[in-house]
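Before anything else, here is the set of structures, which you'll find just below.
Both complexes shown next keep subunit A, but they swap its partner, so subunit B is in the first and subunit C is in the second.
And then the complex of A and B:
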């Protein structure tokens, strides 16, 4: 081959790396995430000096070894300082962690469902997983079941409702031809049915409907270290199991028959993956209510900026989802000083324009949804 | 490379396999045994059951009756990973909307060899690189599959199947979306690789000519039944195309390779297959001097199996029959019909289901034709084409007119032109079809 031809070859688009800048994008998301996590504790209705916030965190993390006098350098009196500690350590940090966890759960659940159904619109909401959770929550407020211990009963019922919806989809589709389309439509029908049931329940029981409505908008306000601990355990286990299925999800994108011919037991895997996705979604719904858009958008952001390889999409969707929800929550806290707006509003209100920009500006790693 | 488990045992076998979807029978008691290293083409019209047969072998469809085996083991008893190590599949078209690199994509074929926590092994990498270079994709390994052209993409699919390293590969119309150059390219590669690696190949190919060109053996499916099975040179015939596809064609032979090929006519006959009923024989045309040529062309275009005779060599009718590939009996030019030719002609007449007498000029050299066909008139519907009265074309001194009259009195019917003849044949066929309930096409005798 002549030197000229070589030069042409080198300049041809084929010689480009497959996903230009994919690792740069991944790095950018990570750096953005670190910045966001560092900045988030500073955000809140009570203005606390940044240095004070970090001193408190370091003090708590070190078990009180560092900064033995937490209020040193602050002109205010000691009781106020202990209020700072409470705000930063027992409120802001649990909220931050819960936002990350719930967002991660929704992100990875959305990525899994989009992969299983080979459908860019699939997410926990479309399938009725969150409607199930909402119905569970409604029982607490409307029928005043265990209202006394609402903080305990509410997550449990929401979890049960959400997981129940996932199991119901699988049971309904079991023994049938079990095609992807059947499963997806079963979920859509179930979602519709559950929302209708919820509407009826609320219509005839106006007493609890305001609380339920608020819960439906989603929020991470009720976070505590204990709740975070439970959410962390559950989400970590289910997410780890999901991440291990990246290779199978890649092959499943070739279609049911091809995947089977390569040795992927598609029917069994679909059930397992839907069950795990329901589980992580249920964990998120239990503690945050219904937060929309995260599960849909996070996987698409990853696919468009980094890669469509599910071994990458799954963990990065979790990360992106977590950061997305955290950013939305920071907005929810700061937009109207003194008020905490439901975070679910911001995931959509700020997330939709952001997503649209991405959708129309970048056409890269994947065409999922374009064809 | 893994060797087929035991010599002599079929790589793939079907025993009386029947597949029903609801009340519809898609495969009907199909038997098939494919040996190691064979390249078998499955051919048949759309809906004949080719894809279903492949899906049975892949274990996607469980037969309603009968047994499908791979290397002697029933397909449904093989664990899915084990099955994926024995048989790979290349579909017509793969709807992958993601964009893995070609190398990653081909690497998907290594799935059945890797445990969940196992990293890619040296063997995995070696197989992938080997597949890439075998398919001429060595320099495209790092490109996304969405950047590939149609031909390259199908090569990548084939590469994925090869990386699966199976002794058997099934292909379902692997080239139907490609242009002719890429069709040949893909099939050429499949054949070369199968020979080199000893891989057994079963490919559904609706293009009979491609099937004959590349396969060692052609299996014809028609309406869910195995219609024929054997060497392409034997299986391919005009009758095959007419009966199974309902298309008329000429059979030619590639002068360089000797491979037979079919050249379909422009006109496609309506209905599943003309004269497909059991026992339906050909329409025999008695002609001469060019009077028979338009009849031969018209009937052949209509999809009838046609025979003709007894003609003289170099005669217009004989040349027409030659071009149309119509079987005929010929005598040397201008000579009266000899005894041998006449008896050969009688054999054709005997096989005919319908006899048509073209309005040829009757002379001493061919009057024997009329005499010879008279005994067949009572049991065979016979049509006399008579656009002009017989006495205007009797050059045998009245013998022609007498013979014509004898045919009429034996039951032959006069029709005044080709359209009338074609209408008669259609109504005749309709009557026969309704008398013989629709059945599977008879095997060619």
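And then the complex of A and C:
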């Protein structure tokens, strides 16, 4: 970007550096995150003593060199010890990592789309990305396509459906003015069309309908180390490319005319950002299903507590989104003992009141400040 | 404020982006390799010395331990077969419908949970959602599941944890008998399986014989509507969910020598409007009961009181499980109940 953009960027109200109080907010989010990451492996349907959990983690990380007998003092039963190791190492830790990754993907995608569309209601599913992913998943559940290789086929089809929806919108809007309104309306129309197609498909298979319904509520329970590895690579690359566009997003907030006058190719930039946001969303959708509210709420939390500068909003939205989804998943496995509820229920149940509280307090503070 | 971009700006930005991409690709590959290493390194439960290869109802070939002593049964219909075969003692985990209700609605006892001797602590699956932690905690050697289980869960259980998963989901009435035989050979319970299979074959044979006798005598088959769920009049889409082609409900109706008014629908589970039922004028209406549904719910459906079958007292409730759960109870209890309803006085 040009020096002119730098100058405008510096003058933009969106790019004012956070004052010290805001840095404290960022630090608080970070500390909360560390605490949450440490506590989450302790949470699950099967009660395992906390010390035992950390012994198992150290045992596995060291290849058995540390705590050679990880269950000593807890249980003498070899099968139960083996079950504990599997639960902690192969179940809880991959779930923890996937929650962080998928939440981060949704958070940064939401922040990007809110910046691109300059619309606070924009989120990763506005453009029909969830409907595309759900249609892809439905093909596995309803037609039992590739059932034997479901661990590969399901995320691939969901990814293809989700990304395909994003690409279709860009192609459909390409020949037109390419304006924000055209893109938004194309996305809404496509989402509606895909949802109707999904309904028709599900009418022919009620069993598939139930599974797709649960998939639509989202969850990170299907996490494995391999899936986490794939998700980590894809989400990290796409997210980093998005973070590199923080300054351009700041300039875009000043309007098309200003941005274009200083040499920022807004139409092309918008397409590139939407494509990257679609890609990162599709990576999350592929492994977690549709998890709502994270992409909407995470950027707002960052903007309201830390800064509106997109160079800060983008990475912190990723962090906030990851922690938000992890906290929601912890609630999903603990609220009803013995029952694992879809995490999407809790992102909305816990997220909506929290979000409203944040909005209300800020409004109250503004009102008091005004008077 | 200068509006002239410095010439070095874009080049620097692009090279940094490529550098970042290269670093992150390497990081992603490293993490994926590490993850794969840990996944490969983990200890899978060693396969039992005595295993057998079976093909399940969805065509998967699975190596399973012979006569496993610890089995997770994730479907009420499979639990029905296990109980009837005297294999309850092998069951260490079940789905929550079996644990809470003894199936979606009890098949043959008002207190079927006690009869099956199940407790809520054994429940590891709600609908398609499997609680993998609780499943692992009971160390099952084998999982028996229906197709309601998520395909991703099947992969995770069998690949990550090395626990074989056998899908038992018959698509025909004779498939129920085949699954009973399969369980019998798997659990070394051939004697009890043979007895149960004989009972099932007898039930199917009797129904076929009745149909043949009625056809020979020129007796027309009655038209029927079998519904398992109403949508109240006044709702945006009021009607009665029924059975279409290829479903167990329709197979049962045909085997009970009757003709379903929705047998030729384009959907497997169509919703019939009130006017469609009025036009078809079924001689009998069978409505599914249990799981919170009863006559008052159906009576709120569109045009219910106008149906000829209702006015003539030929609308009868039947346990929904008899019509929907593909298990021995469907043949041993559901089929005779329908025959007695449609053809009273005909010996079965």
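We take it that the second predicted complex is superposed on the first by the 338 of 371 C-alpha atoms of A that agree within 3 Å, B and C clash if a C-alpha of one lies under 4 Å from a C-alpha of the other, contacts with A are read in each partner's own complex, and residues count from 1 in each chain.
The criterion applied here is as follows: a residue touches a chain if its C-beta (ideal position, glycine included) is under 8 Å from a C-beta of that chain, and two chains touch if they have at least 3 such contacts.
For clarity, every value in this text was computed on a predicted model and none was experimentally measured.
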- Message: A:121 in the overlay: touching subunit B, subunit C, both, or neither? Say first, second, both or neither.
- Response: neither
- Have a look at where A:34 lands relative to subunit B and subunit C in the superposition and call it first, second, both or neither. neither
- Of the two partner chains, subunit B (first) and subunit C (second), which one does A:356 touch, if any: first, second, both, or neither? neither
- Query: Touching A:82, do we find subunit B (first), subunit C (second), both, or neither?
  - Reply: second
- Item | Touched partner set for A:91, first subunit B, second subunit C, both or neither | second
- Task: Using the superposition on chain A described above, determine whether A:221 touches subunit B (first), subunit C (second), both, or neither.
- Result: second
- Note on the structure: Comparing subunit B and subunit C in the superposed model, the one touching more of subunit A is C
- Name the contact category of A:342: first (subunit B only), second (subunit C only), both, or neither. second
- Query: Can A:253 be said to touch subunit B (first), subunit C (second), both, or neither?
  - Reply: first
- Query: Same subunit A residues contacting subunit B and subunit C, which ones?
  - Reply: 244, 261-263
- Give every residue of subunit C touching subunit A within the complex, in rising order. 1-6, 9-10, 13, 16-17, 20-21, 24-25, 27-29, 31-36, 38-39, 41-43, 45, 58, 60, 96, 120-121, 123, 126-134, 136-139, 147-148, 150-156, 159-161, 267-269
- Any idea which subunit A residues touch subunit C in the complex? 1-5, 7-8, 11, 44-46, 60, 63, 79-80, 82-83, 86-87, 89-92, 140-141, 144, 147-151, 154, 203-207, 210-211, 214, 219, 221-222, 224-226, 228-230, 232-234, 236-237, 240-241, 244, 261-263, 338-342
- State the interface residues of subunit B toward subunit A in the complex, per the touch definition above. 55, 58-60, 80-81, 83-85, 87-89, 91, 94-101, 104, 108-109, 111-112, 114, 116, 139-140, 142-144, 146-147, 160, 164
- So, in the complex, the side of subunit A touching subunit B is made of residues 13-14, 17-19, 118, 244, 247, 250-251, 253-255, 257-258, 260-265, 308-309, 365-371
